[in-house]
Amino acid sequence: MVESRLTRLLLRGGAVATLAFIYAPLLVIALYAFNQNVTQAWPIENYSTKWFSVAYHNEDARDAFRLSLTAALGATAVALVLGTLASMAVSRYRFFGREVITFAVVLPIALPGIVTGLALQATILDVLGPLGVSFGLATIIIGHATFCVVVVYNNVIARMRRTTGSLDEASADLGADSWQTFRYVMFPQLRTALLAGGLLAFALSFDEVVVTIFTAGAQQTLPIWIFATLARPAQLPIVNVVALFVIVVSIIPVYIAARLAGGAGLTSDRPAKGAVAVEVEAQP
Amino acid sequence: MRRKRIAAWVALGLLVAALSVVAAGCGGGDDDGDGASAAIEGLGADLDEIKANARNEGEVNLVQWSGYAQLVDEFEAATGCTVNTKDGGSSDDMISLIQTGEYDGVSASGNASVRMMSTGDVAPIDPDLIPNYADVQEGIKDQDYNSLDGQPYGVPHGRGPNYLMFRTDDVPEDTDSWNVIWDDDQLAKYKGKISIYDDSIFIADAALWLKATQPDLGIDNPYQLTQEQFDAAVELLKKQAPNVGEYWPGTPATQIAAYTNGDSVVGTTWPYQYLQLTNASPPVPVKAIKPKEGTTGWSDTWMIYSKAAHPNCMYLWMDHMISPEAQAAVAEGFGEAPVNLKACDLTENPNHCDDFHASDESWWDDVYYWTTPTADCGDPDSGDTCVTQEDWKTAWTEIRG
Amino acid sequence: MTSVQHSETPPRASPGRRLSTFFFRHPRTRLGVLLALPVAWLVVVYFGSLVVLLVSAFWDTDPFTAEIIRTPTLENFQTIIERPVYRDVAWRTIQMALLVTLADIVLAFPIAYYMARIASPRTRSLLVVAILMPLWASYLVKVIAWRSILSDGGIINWALEPLGLSFDGYSTVGLWLVFTYLWLPFMILPVYAGLERIPESLLEASTDLGARSLTTFTRVIFPLAFPAVVAGSIFTFSLTLGDYIAPGLITSEQFIGTVIYNIRGQALPTAAAFAMVPIVVIVLYLLVARKLRAFESL
C-alpha cells in the first residue's frame, strides 16, 4: 500500500460519508412507505403497513410495472444487438467514419432527454404514424433502445480492446465458420461485458421517464404512472411502496451480476491492477 | 484522404438537406377545412347502435383536469367501456395531448376549447344522441367557448372560480381582496410563500387587478388587452415574480403539499385543492374566497376528438358526465357548480348548489371564464387590435425569468 | 472442436458456411453488414428525427391556434437572441451543470479511490453493488423524497431548528443538492474504473521520489484519472443541462429543459430554436471530451 495511514483513514471516512449521502434519501423513501399519513410530513407520526396492500391491489400500478418490465427487456435486447454489432465493427476494422460511430452512439444519451423526446414524438406522429406504427410498446422500446445502445457499446468495446483479433483468425484457420467463431470464441470473452452492459441498459430503460413521456402515448410505464400519481395526492404513499419494492427486488439481479462478473468489471472493463502498465507508459 | 473527408461532408450535407425536404413536406397536418361535422367515423346513428358499438370498443381514453372523472366504476359496469384518464396540467398541455391522437375526448376549458374548435381537433356533437343534454342549464349552452357557427361542440361539465386561498394562521381571516398578492407591502410580507398558477392565462388575473385598481387603463375584458394594458399587466407580474414561492403546475398534489407544510400560505387555487386540504386529517387551516374584485374562472366542456378511436364510448361518457348522479359527484368532489340542476337534489350537502351559486347568475358576473385572446379583441368589426395568445405565451416565459 | 482431417474432397459446404466464407473473403461487406443495423437506427431514425425537429425551428406559427405554418423564418432565433430571458435561463442552466459536475467529482473521488485501491476484493464488489443499486431506485421517487427532505417541515429544517437556522430548500441550492445526488453514481463508476487502471508502480515511484500524498495526488493520480473524470462529467453535465422534471418539482426558477417543455405545445418552433442551445453546448463538450480521451474511459 502506497497511501499513508492518515490518507487511508480519510479516504475511508470520505467513502462512508458518500455512501451515507447516497442511501439517506432511499431510507427516507423506505420510511415513508410505512407512513400512515397521506402527506409526507416530518417527523413521521404514525407507522402502518396498510399502503402495501393498497399498492398490491392497485391495478394501474401492476399494469405499469408489467409494461415497464416488457419495455426494458425489449430495449435491452435491441441495445445488446446493436451495441455488439457496432462495437465489433469499430474495434476490429479500420474504416472511414469510425470515430463518428462512437460519437453517434454517445449522442442520444448526451443530448437533453427533452430534445430526444420531442424529436422522436414528431417522427412517430408524422412518419411512423402513417406507416401504421402508433404509440405503444414499440415506440417506447425504440426510444429506450436508442440511448441504451451506448452502455452496451462501451462495455463491449472496452472488452474487445483487451482482446485481439488473432483468436478469431485462429478459429477461422481451424475451420470454424463465422457463427461458430462467434459462439465458441468471441461470445465467452464478451459474456460478462454483455451482462454488465445489459444490466445497466435494463436499469436505464426501466427508470426512464423524460423521453418516455413523449414516446409512450397513452400507455403508462411505471415511471409515467408515478408521475401521474403525483397529481393524485391521496395515492402518493403507494408510490413510496412501489419504489421500495423496486429497490429491494433489484438487489437480486445486481448482486448476481456482480458475482458472475467476479468483480472484474461491471462498468467498463478493468484489468487487474498494474496489468496495464505497458499501456499507460505507451501513452504520450 | 482529404478527398474522402470532403466526400463525407458532402454526403452529410446531402443527408441533412434531404431530411429537411422530407420534414418540409411531411406531417402536412390534418385537413380540417371541410366543414365541421358531428359525424365521426364509427359513431352509431342512434342510441341503441351507440350502446352496441360501445361494447365492442371496450374503452375510452380521456384527457381531464385532475379529479373530473366521477362514478367511473358505475359507468364501466353499465357500458362496458373501461375508462383511462390522463391528467393535463394546463390547457396547452391538453391540446398537445389531444393532438397526439391517442385520446378520445377532453374536458376543455375556454382557453383550450376555442382553439381546438378552430383547428378542427374536436368535433361538434349531435345533441339528439345525448339524452341528458336537454337538462343542461340554458345559460351555459351555445356560449362562445362551447359552440362555433351555431353548432354545439360538447357537453358542459361544470363551472367554478379560481379562488384566493390562504392559511388562516398566517394571513388575516377577514382578507377579502386580491391585494395580498399584488400590493408591494403584502408581497414583501409573504415573500417566498406565494403560490401562483403556472400558466400564461394568469396574466388575465393581473389584468383583473388592474381593472379594479387602475381604471384609467380602460380594461374591460381581462383576456382582450391592448398593448398598453398588456404591458402594464406584465409589468405587475414581473414585480410579483421574485416574491412567488412556487408557480404550481396543474398537478394539485404539489400545491397541496406546499400548503400543508407551510411552504405556501397565500395564492390562487382551484376548489379541488381547497377541499382536499380541509378534508385532510388533520385538516389544514385554509380559507378560500372569491375576492371583491372578482376573479377568473372556468366553464368546462367535455369535447370529443374529431378522429376518436372510440367515439361511441365517448358519447356515452359525455352523457354520463351530465347525468344528475355524476354531476352531483363531481360538484362535491371537485367543488364546483353543476350545470345540470337536477343534481342539486342528489348532493350530500343539500345546500351545495346554493353554496356554489349554481343558479345565481349574478354571482358569476365578475367571474371571467378562461378563454383565448384573439388579435381582433373578440369583435372583428371593432377594428381594435389586441395582444395574441402567442404573445401571452412569450411574455409568460419572460415573467417567470 | 473440429478435428483436422485431410480428405480428398472437402465436404459440401452448408449455406451457413458458404456465407461465412463469403464474408471472410470480403471483409468490407462483412463490415457493412455489421454496421447496417446500428447505422440505420442511429443515423436514420435518431439523427433523422433530430433534423426534422430542428428544421421546425425555421417555421412560423399561427398566433391564435399555434398551428405550424411552413414558411421559413428566422423569427424564432430572433426571439431567443433578443429577449434576455433565454440568455439568463441558458446561463443559469450551464452554471448549474458545472456546479453539479464539480460537486460530484469531489464526492466521487474518495469512494472511487477507496474502492479502486484500498478495499479488499470482497469489499470492492460489495461496494460496486452498493453504488449500482440506487440506479434502480426510481428517479422520480428520489426527487419526491428530496422534495420532502428540503421542505420547510422536512428533515433538513428539522435538524437545523435547534440551531436556530432555517434553509429554504425549494431553491437553486436545493436543486443543486438534488442533481448532485441523482447523478453521483454516474461519476463514481468511470472514476473508479480510471483509478483502477493506474499501475501501482507509478504511485510507488512517486513516493520513492519523496512526494507526499497531496503531491502524488495532484501530479500523478489526478492527471492519469482525468480522462475518466471527463467521461463521468459527460453524464453529470448533460443530464443536468436537459432535465425538466426535477427543476419543476424543486424550484420555481426556469431552466432550459423547463422552458422547452412549457412552450413545446403552443410554440414548437421557438422550443426547437431554443433546443439548439443545449445541443450546441453538448456537442462542443463532447468534442472537447474526445480530445481529452474521455471516450476511452466511459
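A, B and C are the chain letters, set down in written order, and residue numbers restart from 1 in every chain.
We take it that a residue touches a chain if its C-beta (ideal position, glycine included) is under 8 Å from a C-beta of that chain, and two chains touch if they have at least 3 such contacts.
All figures in this text were calculated on a predicted structure; none of them were measured in a lab.
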Task: Chain pair, B-C or A-C, that carries the greater number of C-beta contacts - done: A-C
Open item on the list: If you average the CA coordinates per chain, which chain's centre is most distant from that of chain C?
Closed with: B
TODO: Please report how many Å separate the Cα centroid of chain B from that of chain C, as a whole number.
DONE: 36
Task: Centre-of-Cα separation between chain C and chain A, whole angstrom - done: 13
- [ ] Give the residues of chain A that touch two or more other chains, as numbers and ranges in rising order.
- [x] 40-41, 122, 126-127, 230, 236
- [ ] Could you list which residues of chain B touch at least two other chains?
- [x] 26, 254, 257, 261
Open item on the list: For chain C, give me the residues that contact two or more of the other chains.
Closed with: 43, 48, 52, 56, 147-148, 151, 153-154, 264
Open item on the list: Considering only the defined contacts, which chain A positions touch chain B in the complex?
Closed with: 37-41, 96-97, 121-122, 125-127, 129, 134-135, 217-218, 228, 230-234, 236
Task: Touching residues on chain B, where the partner in the complex is chain A - done: 4, 8, 26-27, 61, 66, 84, 86-87, 89, 100-103, 250-254, 256-257, 260-261, 276, 280-281
Open item on the list: Looking at the complex, which residues from chain A come into contact with chain C?
Closed with: 1-4, 6-8, 10-15, 17-19, 21-23, 25-26, 28-29, 32, 40-43, 81-83, 85-86, 88-89, 93, 95, 99, 101-116, 118-120, 122-123, 126-127, 142, 145-146, 149-150, 154, 172, 174-179, 199-200, 203-204, 206-207, 209-210, 222-223, 226-227, 230, 236, 239-240, 242-243, 246-247, 250-251, 254-255, 258-259, 263, 266-268, 270-271, 273-277, 280
TODO: Sort out for me which residues of chain C touch chain B in the complex.
DONE: 43, 48, 51-52, 55-56, 61, 63-68, 70, 79, 83, 85-86, 88-89, 147-148, 151-154, 168, 170, 248-249, 252-254, 259, 262-267, 270
TODO: Spell out the part of chain B that touches chain C in their complex, as residue ranges.
DONE: 15-16, 19-20, 22-24, 26, 29, 92-93, 95-96, 115, 118-119, 192, 198, 244-247, 249, 254, 257-258, 261-263, 372, 374-375, 388-391, 393-394, 397-398, 400-401
